[in-house]
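Please find the structures below.
Across the two complexes that follow, chain A remains constant while its partner is chain B and subsequently chain C.
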Partner chain A sequence: MSNLLEIKNLSYSRNLHSILENFNLEIPQGQIVGLLGANGAGKTTVMRLIAGSFLYRRGTISVQNSQTVAERKSKVSFTEQASHLEMNAPLSKIGDFYNEIYEDFNLTNFKQLLAELGLKIDQKLNQLSKGNYRKFVIAVTLARNVDLYLLDEPFDGIDSMSRKKIIASIISWKPDSATILVSDHHVADIANLLDSVVVIKNKKVIAKEAANTIREELGQDIETYYESYYGEENDD
Partner chain B sequence: MKFDDKVPIYYQIKQYIYQEILINHFQPGTKIPPVRQLAIDLTVNVNTIQRALSELIDEEILISKRGKGNFVTTDLQILNQLKENIVEEKLEIMYTQLKNLQISSDEMVQYLSDYIKKREENDHE
Partner chain C sequence: MTKLMALTSNMVRNKVKTIHGLFGIYVLVTLVLSAYQTLRYHVKIGGWIEYAEVVGAFATFIVFLIIVIRTEKILDSSTYRLIPITEGKLYTANIVSTIVAFLYFELLNLIFTFLLNPVSFIRGLNSTLNDTPLSILLIMVAMIFAMFVLIVALVTLMHLVNSVGTTFLPAIGQKITRVVMVVLSIVVVSYVFGGLQYLVSLIFTRTQVFNSDNGFWVATALSPVYVLALALVISAVNIYLLRNWVEIKVKAG
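On to the complex of A and B.
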């Protein structure tokens, strides 16, 4: 299997503060990979760098062999791209907007995703509850047809029914060849979904393992595996 | 379906499908649900379902027909063997646990038949 995402020797700092150092990561095509780490470990930063929202000076990031920011952007759909929207607009108008700016956006899929998630097309964005807002973000993100989906804490602060609906959408809408990188600090939420996990700590990837190996060879559940790298210190 | 997170999910899905076949929810010769439907029903990744199904196909319990889906075998020998294997697995666990308690084989038979009687009486009440 070829690697869909390759990050080599990436170093990134902001305001003289080093966030990633010699960060390396390879992710094969078609997998759902959990990006795990404490708050502040750099999960969102890694996603922003992959998506081209942050620029870096040292190292390389390639998505399906594309290294330039413009090419990468066309191959990556990132939940954060659904923020900073006109809050007073109905979801239908936001769908039209996305349809204008992204060639790979599928308006029909977007509407179907909204319906499956229990959202109405005439609802206004600023009137959505937190759980419904998360659902909307997932609908926008999955309605693009790309190689790599970056889902940053998609279940943060929502109830279990919303979480289940979002998980069902991810399973049913992920194209077989597409790859998903999903971050979460409550691993148990998504453990069943993952092909493998990547643990970030101290500016680096400190562990990467297939979910089957963790269970079969280490005899651990994913949460225990993750916590073995963090211990009790990360109680958020 | 509730999974034990310490056991590989594909393995638990295989056990689930074995059970569905044994209790005739998935009948011999019939088509089982499509991969993505199973993934949604069981809330797991499509790759995990595929891994489970490909092992079941290797075991000849499922027959894959290109473009049509996966079908439960009609080979009764294989299905009987499956039942025997699963019963044996359960017995193996019980046997090991009782042996660890230094229960002799004769006692074990006695305990089991007593237990079955007791259970049947209780279930009738």
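On to the complex of A and C.
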């Protein structure tokens, strides 16, 4: 299977504080991959670097052999792309905005996703609860037809019913050839969704394993596997 | 990949929406103020144009501030920075839409003033055209346009330099370093404005720098070009900063 995402020798610092050092990661096409790590381990930073919202000086990131940052952005749909919207805009207007700006945005899919997640198209963004806002973000992200979806803590602060709805949407709306990289530090939330897991610690990838291997060969569930690397350090 | 035209027209529409709101407030304030003056001091309705001009000058300043703030917010917003388009095109769409929105406000302002008192408006226009040669008027318009572009580019430069500082300077003592950077930016901007003021004074007061009328006209006609060229150079620096140094603004939490 060919690699969709290749990160080689990536180092990144912010405010003179090193966050990633010689970070290497390869992810094949068509998988749902869990990016696991404690708070502050660098999960969101990795996603921002892949999406092109953070800039790196050392190393390389390639999505489907993309040559430029703009090209890479066209292959990636990131949940943060919906984080600076006008809060008093109705969801229909936001859908129109994405439909006009992104050539790969499917307005019909967006409307169907909203309906599936129990959201109304005429609701305003500032009327949404935290859980519904997360659902809206998922709908915007999945309504683009791209190679790589980056879902940063999609279940953060939402109830179990909403979580189930979001997981169902992710599974049913994911194109076969697309890859999803999903981060979370509440591993149990996403364990059943994953084809493989990547554990980040000490600014690096310290483990990468297929979910089947963890379950069948190692005889562990994903949460136990993750905790074997973090153990009691992870107090979340 | 997103097309430049699609992004530009989207940004124009969003900024024009803001302009409509602000213009509505401006019209309302002018009408209420004028009506009050008419009821209280028996000012003729034909005189309302003067209140429109005063409120309009203030409104222009407010519109400029709000549109520039919106322009700046786009440059480090993840919603816009994640759009698959080059930084040069994003910057171009942003600045072009700002110019179009501001010109649109000025057009609405002119129409409103005209409607308040067409006779007085045309008389004033005729008087300006009679007192000032058309060529000078055109140069003035070009100069105002060039200065507008330059000011927006300079504000962006200050914003981006500050943004780079936020990302790359150490977190400890960042407030102090940011204050130093803002002060430095103000010094640089003041220096540039000093030069601009001198240039404008050359055009409009005809100081004795030029030996012949011919020399004066060439220099006068070229001055907006110099200002625009400076704006382009600053824009090139802005695009470089966007491409290589400026990251998205991260929301706390």
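Basically, the second predicted complex is superposed on the first by the 235 of 236 C-alpha atoms of A that agree within 3 Å, B and C clash if a C-alpha of one lies under 4 Å from a C-alpha of the other, contacts with A are read in each partner's own complex, and residues count from 1 in each chain.
By our rule, contacts are C-beta pairs under 8 Å (C-beta built on N, C-alpha and C of every residue); 3 or more make two chains touch, one makes a residue touch a chain.
The structure displayed is predicted, hence computed values, not measured ones.
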| item | value |
| --- | --- |
| Clash-or-fit label for the pair chain B, chain C on chain A | fit |
| Centroid geometry (CA): angle chain B/chain A/chain C, rounded to a multiple of 10 degrees | 160 |
| Partner chain in contact with A:73 - chain B first, chain C second, else both or neither | second |
| Partner chain(s) touched by A:21 [first = chain B, second = chain C, both, neither] | neither |
| Chain B versus chain C as contact partner of A:55, first or second or both or neither | second |
| Touching partner for A:176 - first (chain B), second (chain C), both, neither | first |
| First, second, both or neither for A:103, with chain B first and chain C second | second |
| Touched partner set for A:211, first chain B, second chain C, both or neither | first |
| Minimum Cα separation, chain C to chain B, after superposition on A (Å) | 28 |
| Touching residues (chain side chain A, partner chain C) in the complex | 14-17, 48, 51-55, 68, 70-71, 73-74, 78, 80-85, 97, 100-103 |
| Touch list for chain B against partner chain A, complex | 3, 5-11, 36, 39-40, 43-48, 51 |
| Contacting residues of chain C [partner chain A, same complex] | 1-3, 6-7, 10, 73, 77-86, 167-171, 174, 244-249, 251 |
| Touch list for chain A against partner chain B, complex | 30-32, 164, 167-168, 171-172, 174, 176, 188, 191-195, 211-212, 215-216, 219-223 |
